[in-house]
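Below, subunit A partners subunit B and then partners subunit C, in two separate complexes.
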Partner chain A sequence: MELDLEFMYATFFKILAGVSTTLELTALALFLAAPVAFYLAVLRLQGSPVGRGLVRFYVSFVRGTPIVLQILLLYSLLPSLLNTLLKAAGSSFNVFDQINPFWYAVVIFTLNTIALLAEVFRSALLSIPQGQLEAGLSVGLSRLETFLHVIIPQALVVALPSICNITVNLIKGTSLAFLMTVKDVLAIGKIAASFGYNYIESYLDVFVVYIILCTLVQFLYGWLEKRASAFRAARV
Partner chain B sequence: MLMQIKNVRKQFGGVEVLKDVNMEVHKGDVIVILGPSGSGKTTFLRCLNFLEQADGGSLEFDGRVFDLNRASAKEIAQVRKQTAFVFQNYNLFANKTALENVTLGLTVGRGVPREEAERLGRQALDKVGLSDRYAYYPGQLSGGQQQRVGIARAMAVNPEVILFDEPTSALDPELIGEVLNVMRKLAREGTTMIVVTHEMSFAQDVGTQVYFMDKGVVVEKGTPREIFTSAREERTRKFLSRINRQVEYVI
Partner chain C sequence: MNLRPFDPAFILQVLPELLPYLGVTLWVGFSSIGLGSALGVLLAWARLSRIKIFKLAAGAYTYVLRCTPSIVLLFIVFYGLPRLVEGLLDEQIDDWDRSVFAILTFSLLFGAYISEVFRAAYQAVPRGQYEAAVSIGLSPLEAVLQVVLPQAALVALPNFGNSVINLLKEGALAYTIGLIDFLGKGNLIIAQNYGAYALEIYLAGMLVYWLLNLALEQLFARLEQKLDKGGGLKSGLRAPAGGKTGRKQTLAARLRLSVSLRPKPERKLAQGGEREWN
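Here is the complex of A and B:
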């Protein structure tokens, strides 16, 4: 067996072009999911019994099914559902031609991330002593103000390692978007390999790209954690 | 009269913790609440600041009457802005420096401009003897220092009354003195305080009124002299003699 190094070199840069898709998908899913997940976490902790039940149901639904299945199911379901709705509303918009599958991927990964982040936020909020809220209220802050200035900054420090975990998993997980014909890092590598059956070279390229990407993300989170936890590091 | 507290009731899961507690507070009073643990002292104090929702009772504060059970969020905010609370386990904001702990209630809670708040904050910290600790995080301070920041945080908002919930009972014995000294100083300056404590010497020297509570009721109240030398109630005398014996053991 001999590796086609020239092909590997050329393909590596082709694949790099897919990094933006991978990162956009990851970032969009995280940023769209975070506020909703935070709301669900608070709902789960302080909401009505019905609200709590719904959040629990949603989380267990997402956690209890493989993401591949979620992708296949929603990718079959969403376009036709949308089509039916738009037709009923009298629109001539063609769902199947005019929506980039990238957006279905965004929806699916966001829905998935919401459930994971909600659990992370919940446990992080639980780790902050009740006294912090009481102290905030007693000095004349509202609940919201206390959350913003006292509780969230502390909970974030607790949550960061788990958020890092979710981010890295998301970067890797978005490779499944190729099931929806989204051209991310893995999809580009697969397509490039298929012309001359250089699968090994191509997959090695993809391998390296993911390792670099995930390592950089972990460094970024390490740096964030250090900054956010300055008050804890100062402990004597 | 600054505060008139009437008929405070509270139960937890069927257990009556407070049964009809009343209190009068005049400006400059240092009211000390004594009593065995489980007597409802802390719960009473927390009800006054709405940290606990009483089942019934009213608080007349500066001429306005608040329902301790049904006050609106706005009314609660009003009461909290005129009072301050010092917690047993300090409850300093862990992610804020000593100075930020003191200024947060001013800047965010009351809209005081940052510079003015920091001036007041430094003043308060100076007063409790922490002028060299502005930038320290709670985790870097000893228990006594943390509680003094807690007191500075309470003072800085210039409240009508400061509520102290066993401010020294989480402290090592050698650190209790520094906190009590700060409280003595506040009392001398005419700060109105309601103090739940087990520090008998503080109650005797500084208190203007002593309330003895047991099983959710005020058993007896009077001046420190009346309570400590000629308590009318058997329960009060028993409690005091028990506490005094403990002090002798320590010596």
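Here is the complex of A and C:
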């Protein structure tokens, strides 16, 4: 077996251009999902029985089905649904031409991440003793203030390793965005490969890019974890 | 594009056509789990061995595979393996059944994920268990097989269950290399209908996967309960056998178990919270 090294070298830099798409998709999904997931986690812990049931149902459904199927389903549903809604509203906006599939990908990965993050936030909140909330209220903070200044900073430290896992999995998961014709790392590799049937070279490049990305993300989280848990060292 | 009304009845209609192909999906999934577990045992053993090169190699393998999207690995195996075999052995394997490539890919992945589970579980069993077994006259091999492994298996079970469910979900990707499995057949039906019924078929697929995973979750929970009754490490903790030394040992075991099973920061925080109150 001989690898076309020249092609691999040239393609590697082409593929690097797709990293921005992969990272944008990951970051957008995480930031859009986080507030909703936090709300769902609180709902699951303190909400009404109906609310709890709904959150449990949502989380179980998203976690119980393959992400490929979620992508295929929503990608065949969202555009035509949006089109019908806009037509009904009398708009002449052409959904199929004017919306970049990137945004469908953002919606799908956000919906998926919400479910995963909600579980992480829930268990992180559970690890904070109830006394912390009571103490915050007793010194005159409002409920919101107690959450913002007392509970969330502590819960975040607990949640960070799991959030790191979710981020790494999300980066890996966004490789499926090529199913929606989003030009991410894998899609560019696939296109580059199909000109001269250099599939293996191209996919090896993609493989290396993902390993570099994941390593960087894990370093970043390691650094964040150190910073976020700084308050512990200061307390002794 | 004009919209055809959504037809929920079609979900039920299409199921008899799809379900026979669930067999292919399950076959790929469970053979990968079998082969992957064997690989996982080997990797865990290498990680724990005293020989540095084994340790490093297994660690590197696990790290790299955990960073690789399964679809990329699937493509690498599917396009790369035939060329590798052709170059080395001068043999054509392009026409091999696609399930072979899928099984190989998912075994490689599952091995990496599960080796960490196995390693953690093995380390969760206190060293004293092994020493005690050897001190009453068991050979080292017997001690591992009859005393350490049954306890480690119980510790590994919940994470093993999670990994199995995750693998079955990843297995849905196999259709991308043209394997006619559950999802592959669904896509064929959609193609036959010129793109119609996509929603119904994908929904049917999701329902089947969801039910399958819920059933597996239940199965693993039951299994854990059942195995736990046998007086394993965990049940021993709840009702320690009489005698001072026996009690001490189980408490130590409990401590070590909770240390190794719980994520680190949580434990620190819980301690920190208590300290503040004192």
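By definition in this document, the second predicted complex is superposed on the first by the 231 of 236 C-alpha atoms of A that agree within 3 Å, B and C clash if a C-alpha of one lies under 4 Å from a C-alpha of the other, contacts with A are read in each partner's own complex, and residues count from 1 in each chain.
The rule is short, and it goes like this: contacts are C-beta pairs under 8 Å (C-beta built on N, C-alpha and C of every residue); 3 or more make two chains touch, one makes a residue touch a chain.
These numbers were taken from a predicted model, which means no experiment stands behind them.
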| item | value |
| --- | --- |
| First, second, both or neither for A:L186, with subunit B first and subunit C second | second |
| Subunit B versus subunit C as contact partner of A:S142, first or second or both or neither | first |
| Touching partner for A:V150 - first (subunit B), second (subunit C), both, neither | first |
| Superposition-derived comparison: subunit B or subunit C, residues of subunit A touched | C |
| Which superposed partner A:S127 touches (first subunit B, second subunit C, both, neither) | second |
| First (subunit B), second (subunit C), both or neither touched by A:G64 | second |
| Contacts of A:A34 with subunit B and subunit C, given as first, second, both or neither | neither |
| Where subunit A meets both subunit C and subunit B, residue numbers | 129, 131-132, 154, 157, 232, 235 |
| Footprint of subunit B on subunit A - complex, ascending | 129, 131-132, 134-142, 145, 149-150, 153-154, 157, 231-232, 234-236 |
| Subunit C partner contacts - residues on subunit A that touch it in the complex | 1-2, 60-61, 63-70, 72-73, 76-77, 80, 83-84, 96, 127-129, 131-132, 154, 157-158, 160-162, 168, 172-173, 175-176, 186, 199-200, 203-204, 206-207, 210-211, 213-215, 225, 229, 232, 235 |
| Parts of subunit C lying in touch with subunit A, wherever the complex brings them together | 1, 3, 64, 66-73, 75-76, 79-80, 83-84, 86-88, 165, 169-173, 175, 183, 198-199, 202-203, 205-206, 209-210, 213-214, 263-266, 268-270, 272-273, 277 |
| Contacting residues of subunit B [partner subunit A, same complex] | 49-51, 77, 80-81, 83-85, 87, 89, 91-96, 104-105, 108-110, 136-137, 139-140, 153-154, 157 |
